[in-house]
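Chains here go by letter, A, B, C and D, matching the order in which they are written, and residues are numbered from 1 within each.
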Amino acid sequence: MSSERLGVAVVGAGYWGPNLVRNFSASPEWDLVAACDLDIDRARSVVGERSGVDVTADLADVLARDDVDAIAIATPARTHRHIATEALRAGKHVLVEKPLADSVGSGREMVDLARSQGLVLMADHTYCYTPAVQRIAELVAEGALGEILFIDSVRINLGLVQPDVDVFWDLAPHDLSILDRILPGGLRPLGVAAQGADPVGAGKACVGYLTLPFENGSMAHVHVNWLSPTKIRQMVIGGSERTLVWDDLNPQQRLSVFDRGVDLVQQTVDSADRRTASISYRLGDTWAPALPEREALGEMVAELARSIRGQSAPQTDGHAGLRVLSVLEAAATSLRARGALVDVMSTDQPELEIVR
Amino acid sequence: MSSERLGVAVVGAGYWGPNLVRNFSASPEWDLVAACDLDIDRARSVVGERSGVDVTADLADVLARDDVDAIAIATPARTHRHIATEALRAGKHVLVEKPLADSVGSGREMVDLARSQGLVLMADHTYCYTPAVQRIAELVAEGALGEILFIDSVRINLGLVQPDVDVFWDLAPHDLSILDRILPGGLRPLGVAAQGADPVGAGKACVGYLTLPFENGSMAHVHVNWLSPTKIRQMVIGGSERTLVWDDLNPQQRLSVFDRGVDLVQQTVDSADRRTASISYRLGDTWAPALPEREALGEMVAELARSIRGQSAPQTDGHAGLRVLSVLEAAATSLRARGALVDVMSTDQPELEIVR
Amino acid sequence: MSSERLGVAVVGAGYWGPNLVRNFSASPEWDLVAACDLDIDRARSVVGERSGVDVTADLADVLARDDVDAIAIATPARTHRHIATEALRAGKHVLVEKPLADSVGSGREMVDLARSQGLVLMADHTYCYTPAVQRIAELVAEGALGEILFIDSVRINLGLVQPDVDVFWDLAPHDLSILDRILPGGLRPLGVAAQGADPVGAGKACVGYLTLPFENGSMAHVHVNWLSPTKIRQMVIGGSERTLVWDDLNPQQRLSVFDRGVDLVQQTVDSADRRTASISYRLGDTWAPALPEREALGEMVAELARSIRGQSAPQTDGHAGLRVLSVLEAAATSLRARGALVDVMSTDQPELEIVR
Amino acid sequence: MSSERLGVAVVGAGYWGPNLVRNFSASPEWDLVAACDLDIDRARSVVGERSGVDVTADLADVLARDDVDAIAIATPARTHRHIATEALRAGKHVLVEKPLADSVGSGREMVDLARSQGLVLMADHTYCYTPAVQRIAELVAEGALGEILFIDSVRINLGLVQPDVDVFWDLAPHDLSILDRILPGGLRPLGVAAQGADPVGAGKACVGYLTLPFENGSMAHVHVNWLSPTKIRQMVIGGSERTLVWDDLNPQQRLSVFDRGVDLVQQTVDSADRRTASISYRLGDTWAPALPEREALGEMVAELARSIRGQSAPQTDGHAGLRVLSVLEAAATSLRARGALVDVMSTDQPELEIVR
């Protein structure tokens, strides 16, 4: 092992763990030293028969190792708080699969502990590290789209109905974390309205819609669905200057920037005191920026290394994770209130004193 | 002119009128005898320079003609009630461009008058006469999809911002009339929640979402949008047996029926009194029924003729028009109430006594 | 009728005639005065029951009329020479549906006669008047693609097996006329190789491929097919600077200009006397120019009027028609020679003396 | 290591080797014991830092090992014969990346040696093990398409211009091996005509077309292209009963079976002694069979194991490799003869006596 590499252990060898194992293994920044899962055979299978990576069923084993600098958690969301706090207390940096936790309260506890320990806590909002989202964020930041007017995100597929969470908690963290990355200032809606349906009797919403109004009159809408036979992953970001369409399933043209739109030219008030808007239309060209082919998780593990070394702050830190959780919690409240618009609490409040 | 043909006059030579003119002209059932528009040059231009079809700017002219059996109205919605009631009082059958009227009240007045006069009142819900919708309705009726679980309809485009109506009243009548045609028993949601945004300052919603819960736990959702640079017209109809996707912009495969889905196998109650659903997945083949190439309006004018001759009842009669209006009105109320779920009044109530 | 309009008669009311009728009727430059077809009922049906346009089964009727300035021919190709020469001798300008004639000899006779009579002879190479081809021609002319390296054109569909011509004569005139419009200097290949198959036993090629090498080492290839269940109309034009893809069935993005390609950086000769090319790759952005929505035939009838008035020369004149015919004839020869490369005779030879 | 596993060594750690390494590692049938590459660091990097798989730069090392039952060769084609014959002489079974060799002669030598040694020689025609090709082969075999009428295969992309081979030898082995798998009796065309262009001056064909006529009047055509900015991998297989379209880049509907086509109803001879075919059209439904998600290489390494154990014969054996090579060689001859149709020698001739 190179003396300059950081050591990492992956906890959880289920659906997502193998991707983390693969990317940490391939990274020049990292040395994957262990994989941990209650099912040790599964852990063994993920690292490979002839691998030199250690496997264990006991979290304490990996937390006790000096050659482990960071823990990557890929276990069910309800276990994140426990594992993360154990790891932080053992002095390990922590990466957590989305969502950060299963409640704002748990997430806040993790954020506060990481801060008090001086350790990195990073949310694995993988999509934020795709070339597409990185490019969208640049385009928005440099004003190429103008002011954002509306965002419509669709993420539907015949997906695995999760045993413990509904479709909002399973899929919407992707959309919300992307919005958090793209929107200037992060994801801070005025409120959220959630509509859900459970037409197969799964005991939880399998089809869901989120509406998020923003202060400037713009609106975001998210459609998540486990029951659709067709797979769609598309986001339209309407701007005052240009509109961007991201079709993630079209590798030949993931991003299209349309110089098309509706402009309010002037507004007049007529004798009947009605406002009349004069509208003009732009029907310009379309531009599709070239994107590098790069695996998002590779970018993310590189950023985790840079963050631990103090070279940069993670784009998807614990606070980003909290903003996503606060919308998910408010959505759950709205769902119980038949879709009423529910306030989203700011997660910027002064942090609680941690006494333990 | 064949003595068996019915005479028709088209009123309104704007956006939609020319399509009616073309289809009535091409129909063996109809004799187009006149076109009427306040702008007589526009009327002339629509029928053609060398045409023998009469043109006039005066509605009374066409209502007075004996060779006019029916009036087809393609004027702004706010004028429908006035023109239709004039025509019905003059003993003419009436076809009205969608939406039927600009309010449930006006629509009901038209329906009641037609009934008392014994005349046909038909809503030009054009999409209902497309081969695609006809086939979908058959498939639903014969149970090919099983019970309907969810419907998601998207109708977005860079469209003309209308001077007098918002995006709901402009575009959603299409989706709602299709739902009315497809759903067994017609469109009878428990309520409607509407979210809209006017990010360009047009003075009305330009982006809109409707959510319609139904009694059996299923839900329909409609996305209408004037600001999207890409055009999408897609409807997913999820059923307990199969799921249908209608992509109206893919002429090579408009309808796809997926034998894919999520099934609830059994439901158990564990010791902690939690219900656990056992889920199974179907990943079967896809089937795309061949559809004839046929213009919807041609079907519609043929059905209007059959209805007048008493051979059949119109699929899109005044009552269908009223059901659509009742959802649009409730949606407007929801919009003012920040998206709260608003009851949709049944339009099946005993008809009011008409005293005139 | 405006005194400034030109009078036209359409000859042939079959598949293509109605499109000509519609476009001449809608044009401010033209007055459609007559339609001619051996089947007079068909002619009547095309102009419409109440139309004031005259119909006749006798070509002499329309040629004798003073109010007819031009004849538009939409009859089978084998009749073009006869009808066109009659019309030209009667002093009428002539527009001919593609292909110009059924042989180079017949076509040349028409071209020579038109020239000696001082009349316009125009080939209805409709695709050349689409916004897409017009834009491609501009892009090529201004050097946006650099030098053209290869062209691949696919035009396949479940099409009508023609009674009198094979798939090359039916469909390839489209591709060849487009090449003639786009290529600087027109369509002048070194030769043509044609491969065809008649697997259904129709007595003529139903699937066909053309290969056309050019002097600069570039090559065009055309695939025409009556037996394909999917419809594809796509042309790739590879250039040294950029490559253009025209997908005519994608109205939302018909043209895409890719700043992607393979560049020869340098060429070295090694000790073994082998040339080694050093290759580099460009992976730049894609650009999709906005195109107006405009019917090609409308442009074409306008250009015919301008040509008759001496305001411009037709882009698709008789010589363009001849260049297309010369490739079709050579292809037929190649087909009989099992696909051998056959020379394409120049049609620029001094015109024959016309003695009549 | 399980005593029942077979041992394998991968030779060549360039482009394709890592895929073999990954699939042998993941297979329950195989034990990957070594990776061999002249560049030992590359071999090390492919198996992974902490791996227990041995690495070496010396082929003799792996051939000398008792725990190596088979060698998988992923080196340039010109080296296949040498490495394969060394391995076969050492008593190892051999898998060879496509194409089997760089000439029919070399390939035949390998086939003959494997036979005389009683060892398995398998061509890694990977596409033949995809669920799509497996399903196509079944559909053809069971007669679902009827008699095959034409095949059109397109495989274009902005690809790496290979230093040592042209676009035919690089890409067409895919198409040809698929044809060999699908066609009843394997790939046995009457001849081949090849057209190629080198418009970038790479010193070899970068754009190429193959035409392959068959005895029954049907024809296959292959388009391979390194210069296309868009990626297309599509095959149309026209049959007398149904036509299949395979779009490999559409994971949501890779296979579509169209019940559409042109039928010859009857053929009559008229008084002028011309044959007239009466044609009818089928415009039936489309059917898209569900395909499992499965990596082709995983299937292939499993079949290699079964073949070695004598449980089955490889679908893509050395003879399949030879049939592909014989077309590639004939195509090279045709290319030098300006595209003339060149006979394809049968590779079924009695095998040569091997004297060494």
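The rule is short, and it goes like this: a contact is a pair of C-beta atoms (placed from the backbone, for glycine too) under 8 Å apart; a residue touches a chain by one contact, two chains touch by 3 or more.
If you're wondering where the values come from, they're calculated on a predicted model, not measured in any experiment.
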{"item": "Pair exhibiting more inter-chain C-beta contacts, A-B or A-D", "value": "A-B"}
{"item": "Remotest chain, chain C as reference, centres from CA atoms", "value": "A"}
{"item": "Computed distance of Cα centres, chain C from chain A, in Å", "value": "53"}
{"item": "Computed distance of Cα centres, chain D from chain A, in Å", "value": "41"}
{"item": "Touching two or more other chains - residue numbers and ranges from chain A", "value": "230, 256, 260, 283, 286"}
{"item": "Chain A to chain D touching residues, read off their complex", "value": "1, 25, 31-32, 48-53, 230-231, 252"}
{"item": "Chain A residues within the chain B interface of the complex", "value": "149-150, 152, 156, 158, 161, 163, 193, 195, 197-203, 206-207, 209, 211, 213, 216-219, 221, 223, 225-230, 236, 238, 240, 243, 245, 256, 258, 260-264, 267, 275-277, 279, 281, 283, 286, 338-341"}
{"item": "Touching residues (chain side chain B, partner chain D) in the complex", "value": "253, 256, 259-260, 283-290"}
